[in-house]
Amino acid sequence: MRMPAHDLSLNAPPAPGAVPATERYAAVRAATERLARPLSPEDCGAQSMPDASPVKWHLAHTTWFFETFILERFEPQFAPFDADFRVLFNSYYQGVGRQHPRPQRGLLTRPGLATVRQWRGQVDARMRRLLELRGDDPELATLLTLGLQHEQQHQELIATDVKHLLSCHPACPAYQDAPGPAHDAAAAPLRWRHFDAGLAHIGHEGPGFCFDNELPRHPVWLQPYDLATRPVTNAEYRAFIDAGGYRDPVWWLAEGWDWRRAQQLEQPLYWRADGAGGWQEFTLAGAQPLADARPVVHLSYFEADAYARWADARLPTEAEWEHAAQECGAAAGQGHFADSGVLHPLPAASQQTSAGSDGPALQQLFGDVWEWTSSSYAPYPGFRPAAGAVGEYNGKFMVNQYVLRGGSCATPAGHARASYRNFFPTAARWQFSGLRLARDAR
Amino acid sequence: MRMPAHDLSLNAPPAPGAVPATERYAAVRAATERLARPLSPEDCGAQSMPDASPVKWHLAHTTWFFETFILERFEPQFAPFDADFRVLFNSYYQGVGRQHPRPQRGLLTRPGLATVRQWRGQVDARMRRLLELRGDDPELATLLTLGLQHEQQHQELIATDVKHLLSCHPACPAYQDAPGPAHDAAAAPLRWRHFDAGLAHIGHEGPGFCFDNELPRHPVWLQPYDLATRPVTNAEYRAFIDAGGYRDPVWWLAEGWDWRRAQQLEQPLYWRADGAGGWQEFTLAGAQPLADARPVVHLSYFEADAYARWADARLPTEAEWEHAAQECGAAAGQGHFADSGVLHPLPAASQQTSAGSDGPALQQLFGDVWEWTSSSYAPYPGFRPAAGAVGEYNGKFMVNQYVLRGGSCATPAGHARASYRNFFPTAARWQFSGLRLARDAR
Amino acid sequence: MRMPAHDLSLNAPPAPGAVPATERYAAVRAATERLARPLSPEDCGAQSMPDASPVKWHLAHTTWFFETFILERFEPQFAPFDADFRVLFNSYYQGVGRQHPRPQRGLLTRPGLATVRQWRGQVDARMRRLLELRGDDPELATLLTLGLQHEQQHQELIATDVKHLLSCHPACPAYQDAPGPAHDAAAAPLRWRHFDAGLAHIGHEGPGFCFDNELPRHPVWLQPYDLATRPVTNAEYRAFIDAGGYRDPVWWLAEGWDWRRAQQLEQPLYWRADGAGGWQEFTLAGAQPLADARPVVHLSYFEADAYARWADARLPTEAEWEHAAQECGAAAGQGHFADSGVLHPLPAASQQTSAGSDGPALQQLFGDVWEWTSSSYAPYPGFRPAAGAVGEYNGKFMVNQYVLRGGSCATPAGHARASYRNFFPTAARWQFSGLRLARDAR
Amino acid sequence: MRMPAHDLSLNAPPAPGAVPATERYAAVRAATERLARPLSPEDCGAQSMPDASPVKWHLAHTTWFFETFILERFEPQFAPFDADFRVLFNSYYQGVGRQHPRPQRGLLTRPGLATVRQWRGQVDARMRRLLELRGDDPELATLLTLGLQHEQQHQELIATDVKHLLSCHPACPAYQDAPGPAHDAAAAPLRWRHFDAGLAHIGHEGPGFCFDNELPRHPVWLQPYDLATRPVTNAEYRAFIDAGGYRDPVWWLAEGWDWRRAQQLEQPLYWRADGAGGWQEFTLAGAQPLADARPVVHLSYFEADAYARWADARLPTEAEWEHAAQECGAAAGQGHFADSGVLHPLPAASQQTSAGSDGPALQQLFGDVWEWTSSSYAPYPGFRPAAGAVGEYNGKFMVNQYVLRGGSCATPAGHARASYRNFFPTAARWQFSGLRLARDAR
C-alpha cells in the first residue's frame, strides 16, 4: 500500500504578502531543520515500514521540489546540485520521470545526511536570490506557496515517521522531553451540539491558499445532526477496551474485524500494558503513563468506527464537520499545533461557557488529533486537476481512503483550515488520528 | 477479502398479495433449481476462489435461511433436517452461531448434492404447509419476502460463481447455449442527457420491499451533470486497450495501477487473445468471439474508472444515477434480466427516439450490466440497522466498497429497482459489472 | 511447494512371472477402485491443499499413465479416449507436454467421476487385450511393472489425501470403520539393538523391480550405532508434549522452530484436545481416543527430530536403517500394510524373543509408519536417470527433502522393500510418517 | 528464513602460541575496523534484506561476544558497557536471553556508530588487560580463539552484506577501487583429475582450531570420481545462459525451477545486461564489464546444480572435495583471500604443470569462491554439540542447507582449511558462491 505525501496542486492565489516571500521561505525551511536537529545520521536514514520515509528522504524530497519545480524553471543558468537526485528523491511524479521504489528509501545510504544538508543550503541560497530578484512573479509566487505547503506536510510526516521508527526500538528512546504537564486536569465533559438540516456549502472559499481537492466550493444538503464538543479521550477509549470491545465482532465493520484479528490487535498503536494492569503510551517523549484526559490517538478508521458504534454514535461526515467548523466560527489558528513544540495531544480545557442559543462550544476542532470522518476521499463535483507534473496526481488517491479533518499536534500552525482534507487508508494508524463522535439528531 | 452475500434486512411491508405466498415461494425456489440443473455434483461442489461459493453451498444456504429464520420460529414442533447444517451453511450471522470458514466451502463434500436437494424438498414442503396455515401473519410475510429476495441474490451469485469456476477449466466448458444472436446489430450511438442542478431525493419510496441500506429516503443536492444514454461497449473499451490504456499510469488511480501491475492485467477478466489479433470472450456459453456492440462486462472499479478518465468523462455518483432513473421514468422491469435465460449482456437497441425537451432516452439502465458508480458504499443519513440476527450485519460492509446500480443479465427480473444498492470491492471483476459514463455539465 | 508422486523409472526386470500379467494388472487396478468405493463424486473431486490431489485425479492420472506410456506405444490403431485428458492428467512429465497447474486440480469438475470410471474401464479392456497378445514383450513387461508400481504409489496417496480432506470437515466424517481393536495391548518395551562399524552395502540388489533412485548398490562405511526395536508410540510422544516440548526451542532445529511458531503448532497433525485433558486422533475411521500403544504418526521431520533430541537420541541415517533391515533379515512382506484394510498403525506386539547374540529383534520395520531418516534425498554415487519421458524427472526432486523408510499402513503390501526410498519435505505431515530412534553406540 | 552467522563452538585447543594472544586479538579486531572504514554511519546502519545485517550490527555483535562470553566470565568486577546491548546484539543464543528480531536490525538507530566504536575501544582495552594478566588460562585461550574465529566469519559477512546493500542503490556506488587488473589473462583450461575408490577420512585432524561441525574425523567410502582443476568461469557460465539454460526446465531441480520462475531470474545475482548485448557485473568496485576468465560467483545452489547438469557433470560431495584437498596437498594459505584487499575472485593462473602420475594440479581450491557441494549440511557420525550457551546452537542449522567448501576472496586468510564447512540454503546468492564440477569416473 502506498501512502502518498498528499496532493499538491494549487488552486488559489498565494497568501497576501504581509510577510515577504524570503521570510516565509526561510521560516518554513528552518522549521524543517529544527525537527531533524535531535536526530543522528542513523536516525535520519532508517525506514521503519513502507508507509513511512526516512527523515533524510523528507529533507531531500522537499528540496527536490524547489529545485525541480521552481529553480529549474526560473533560474537562468540552471544546473542541478546532483542530477541523480532527480530520480532518487522524486516521490510519485511520473511527469518528472522515474522514481526510486518507495519501500527501499531506507537503503539510499548515499547521499549521506551531511550532503543532503549541503544541498538544502545551496538550494536555499539560490531560492533567496531568485525570490529577491523575481519574487513578484505571480507564477513563481504560486509555486513558492505550493512548495512551502508541501514542505509543511512533510514536517508532519517527519514527526509521525520518526515516532514509528523509535517505537520499533526496544528501549523506547525519546525524541524530545515529556509532552506537557505530568498531571493533567480532568477533560471537559462531553456534550452535544445540535445542527439543523439545510443546505450547507463546503469547500475552500478564497482568498488564501488551498489544495485543489478543496475545490470547488459547492452546496451539500445536510440532515439534522449533533456533534460532540470534543474528541474521545483515552479514559473513554479504555472503557471500550475494558468492556471487551476488541473481542466482540458486533462493534466492527467486517473488514475491520478481519484486520484486527489477523494482526491480533487489542489496543491503539502505541499503547503497551504496563505490567500492573494499566497502560503506557509510547510518545515522542518516550513511554509515558497513559493520560486519561488526553484525546485518544493513533487509531485506525476501523477502531474509530467500532468505538463510535459501541458508544451508540457514529463518525461525522466531512460535510457535517466542515459545516460545524464554519458555524462555530472556530479559528484554525487557535488549536494546539506543532509550533508549540509539544508533539502530543493535550486535554480539552474545562470550559465555563454556558450552552447559549447556539449550544455548547466545540473544542479542539483544530489541532491535537486528526478526526476520522465517515466520508471516503472523493472528488468534489466539478473537480478539475491542475495541468502539468505538479498537478499530475491530483485525483490519483481518491479511492479506498477516508477523510480526516482538523489537523493535529504535529501539524504546523497556519497549515490547517476548515476546508482542509487529509486522507488515509482505513488501516493507517501511525498518524495522529483520533475521533469526534456524531449522531443523527433526535 | 470477504465477499458478503449482501445484507438482508427488511424495511418495508411485503409486496402486495396479487400473487399468493405459496406461489411466489415456489416460483423463486424453482428458479434456483433450474439454474443448477445443467450442473453435475462435481460442478456444484467446487469453489474456484474465496470470493465465490460452490453452487451446492448456495442451494443449501438459501434453504438454511428459511429453516433458521422462519421454520424454527413458526413451526410448532420444529426439528431441523440436520442440526450440523446450522453451522455448515451459516454465512456470517454471528447471532446464529459459528460459521464454517468461507474459503473452505469447497471442502464440504458432505452433505452431497443429493442430500441438499432432499433438504430443499423437505423445507419446501414444510414451508408450503406453514404458508397455507399462517400466510397472513405479517411477520411471517415479511420474513418470507426477505427470504425470497435473499434467494434471488444467490441466484445471481450462482451464475457468476459457476462462470468463474468454468473459466478455470482449460477446455472453457459451456454452461448453456450461445447467448443471443450470432451477429448483433450495431449498438445505438452514445449520446448525453443533461440534468439540472437541484435538490433530488434518493432512497426507497414505498410501497414494496427494499433492503435497509436503501433507507431512509433523503434529499441530496446535485450539481448539473450529463449522463450517457447507454453503457460502454466492447468496441469502445477495446479502443482504450488499443490506445495503450493498460500501459499508461496516467489513466489509473494509484492503487488501481499497483493492482493492475501486480497481476499483469491487460484486459477485462474473461477476454482472451484469439491468436489472430482479435479477442474472444469467455461466456456461460463457452468462448465466443468478442461482440462489438455488447456492453463491456467484468470490469473492476479500477478499470471502469480508468476508462472513464481516458474518455474524458467520469463515473456517475449513485445519487446522479438514481435521480436520472427517476427522471426518465425508466421501469426496472423492462431490462434484459436473468429470466430471459440469456446470461450475457445484449446490445442497446438502435432507437428512433428524437431528443425531445427532456433529451435523449436512457437505455439499459436496468439489466445487462451493473454500473459502477463513484460512490463508496456508506449509510444513508439516519440509517438504522434492523434488530436481531436477520439484521445483525446491516452496516458491516459499509467500507472500502463501491456502489453499483441497475442490475444485470444475471439478476432476476423483479429484483431490480431504482433505489437498489449493490456493492463490491474495487478489485472485484467476476460480477457482471460494466459502466455508464457521466460528466460535469458544460 | 510441489509434492511429486515420486519418480517412476524402472531399473530392473519385471518380477518373475508366477502370476500372469493380466492378473497382476487386474489386481492392482481393482485395489485402486476398492479404495475409491466409499466415496461420493464430491468426495472424489475436492482438493484440500496444493500438496494433495483429488481422488478422481488419482484415478485418472494412473489411467493416463497406461494409455500414454503403454497403449499409445503398443496399440496398432491407438486413439485416446479423450485427447484433452493428456494435458489434464499429466502430473509433471514435460516430455509429454503441458500440465494443468497442480493447485487447481480440484477445479477440474469435468470430466466427472462417472466418465473417469468409463475411461478406466475402457483402458482396462484394451490393456487386457494387449497383454494377452503381447504380454511377453520385455519392454511391455517392464512398462507394465512400472505402471503398476506407479498406481500403487497413488493408492497410498489416495488414502492420505482423502484423510486430509475429511479432516477439514467439522464433522470429522469416517471413511471406514474403526481401525483395529477398541483396546490395545500395551506396546512392547523399547530396547536397543547394536550394530558394529564396517563397510555396508545399500541400494537395490536384484532380482525384482526397483526405482532408479535405489541404484546403484554401493558401499557405505558405517560407524557403530544402536537402533530402537520399534517406532515411538503415542504415549511416548505425549510425554514430550507434556514436558513442554513444543514450547522450548532447545529441542528444535532453528528452521523447525520458526515453522512451528509461525503455525502455532502444539501437537501432531491430527491430534485434537478432547476437552477433558486428553487427546483424540482423527483417523480414517473418524475421531478416536488416542491409543497409547500405537506408533505416533503424521509428524513432520522437524517434530521427529525434536522428539529424538529430547529423548537423547537421534534419527537414523538411511544407510543405518537399510543395513539394519538387511542384518535382521526382516521380510518386507510381514508388516501391517494397506491390504489389511486397517488404514491406521497398530501397536508393536509384545515379544518373548530373548536378546540372543544378535540382540533383540527389530519390530515394525515394514508397514505401520514411514520412518523419517536424517538423510537428505540425494543421488547414490553413479546414479544415472533413465532415458525418455518416463525417466525424465528422475533426479528432479533430490534437494531439500528427506528420506523415509519402511512403508506404512497405507502402503500396498508387496510394494515395500529394504531399499525403497520415500522422500518428503521437512514440513510434510499428511503422510503416515513417524520415527524410530537411533543413537551413536556407546 | 534465518541466516545464521554460523556455529561457534570450539572443539580443539587454540593455535600454538607463536603469536601472542594480545597481538592476535589486536590484528583481527583491526581488520574488522579496516573493513568498515570506507563506510558512513548511514552505510553502516542500513539492512538491505533479512538475511543480511547492518555493518554496525556486525561491529557490535562481535564485541558483544567478547564482553558476554569472556569479560563477564573472567573480569573481576565485570560491568557491561551498556546492559541493553546484551539483548540488542545477541544473534540467536537463547541461553543468553532474548534477541532483537533479525529483520529489524536496520531499525536499531541507537546506539549510533560512534557509540559502537567507543564500545569496541573499551572492550579492546579490557581484553588487552585481561589477556596480559591471564592469557595462559586455557579456558580463556580457547574462548579467545573462538571469539576471533567468530569475528573473522563476520568480516566476511560485512563484505557480502555491504555488497548487497550497495547493489540496491541505483547509482551502483563503489566500496573500493577496481578489483584486479583491467584485462585478465585467459583462464587456465579446465581439466579433470581422477581419484580412486577407497576409504577416505574427513573431518578436522588436530592440532589447531576447528568448529565442532568438523568433528569427529571419520571414515567415508568414496566411489571413483573426477574433479575439475578449477572453478567454472564467467565465460563458461555465459555459454549456459546463451544456450537457453535459464529457459529450459530440463536442467533444473523442480524446486529450483519454481524458484527461478517465481522470481523471473535470468542470470547470477549481480549480472546486469549492459544494453549492448553484453554483461556488467556489480562488484565492490562498482559496476564492471564482466571478466571472462574469472570464476562465476553469486550463484544459488539451484543455479550451480543446473549448470553442472547442463555441462554433463555434477557437483562434488563434500567428502570428495575434502579428500581431494588432502590428496593434492593443497595449502589453504595459498589462495586469494580477503587479505589481498581485492574483494572479488581472480582468474586461475595458466599453468605449465604437466599431468604427472597424480594428474593435473587442482587450482583455486582455497579462496576466490566458495564451492557448492551436493552434500546437505548434516552432523558427522558421533557429533556432540558443546555444552553451554556458546555451543547451544551447534546443530540447529543442520537441515535444508548445503555445504560449501574452500573459502572465498572475502574470507580472511588463515580462516580457511580443508575441513571447514560453510553452509547456506539453496536459494542464497549473496555470498561469494561458485562451483567446481565433478563427475563419476569413467
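Assorted remarks:
For clarity, chains are labelled A, B, C and D in written order, and residue numbers in each chain start from 1.
Going forward, a residue touches a chain if its C-beta (ideal position, glycine included) is under 8 Å from a C-beta of that chain, and two chains touch if they have at least 3 such contacts.
Keep in mind it's a predicted model, so treat the numbers as computed, not measured.
Chains that touch both chain B and chain D: A, C. In this assembly, the chain whose C-alpha centre lies farthest from chain A is C. Chain C and chain D have Cα centroids separated by 38 Å.
Separating the CA-averaged centres of chain B and chain C is a span of 47 Å. Per-chain Cα centroids separate chain A from chain C by 60 Å. According to the touch criterion at the top of this document, the contacting chain pairs are A-B, A-D, B-C, C-D. Within the complex, the chain B residues that touch chain C are 40-46, 48, 56, 84, 87-88, 100, 104, 106-110, 112-113, 165, 168-171, 173. Of all the residues in chain B, the ones that touch chain A in their complex are 1-2, 4, 92, 94, 199, 218-223, 225, 249-250, 252-256, 258, 301-302, 305, 314, 374-376, 378-379, 381-382, 392-393, 395-400, 426, 440.
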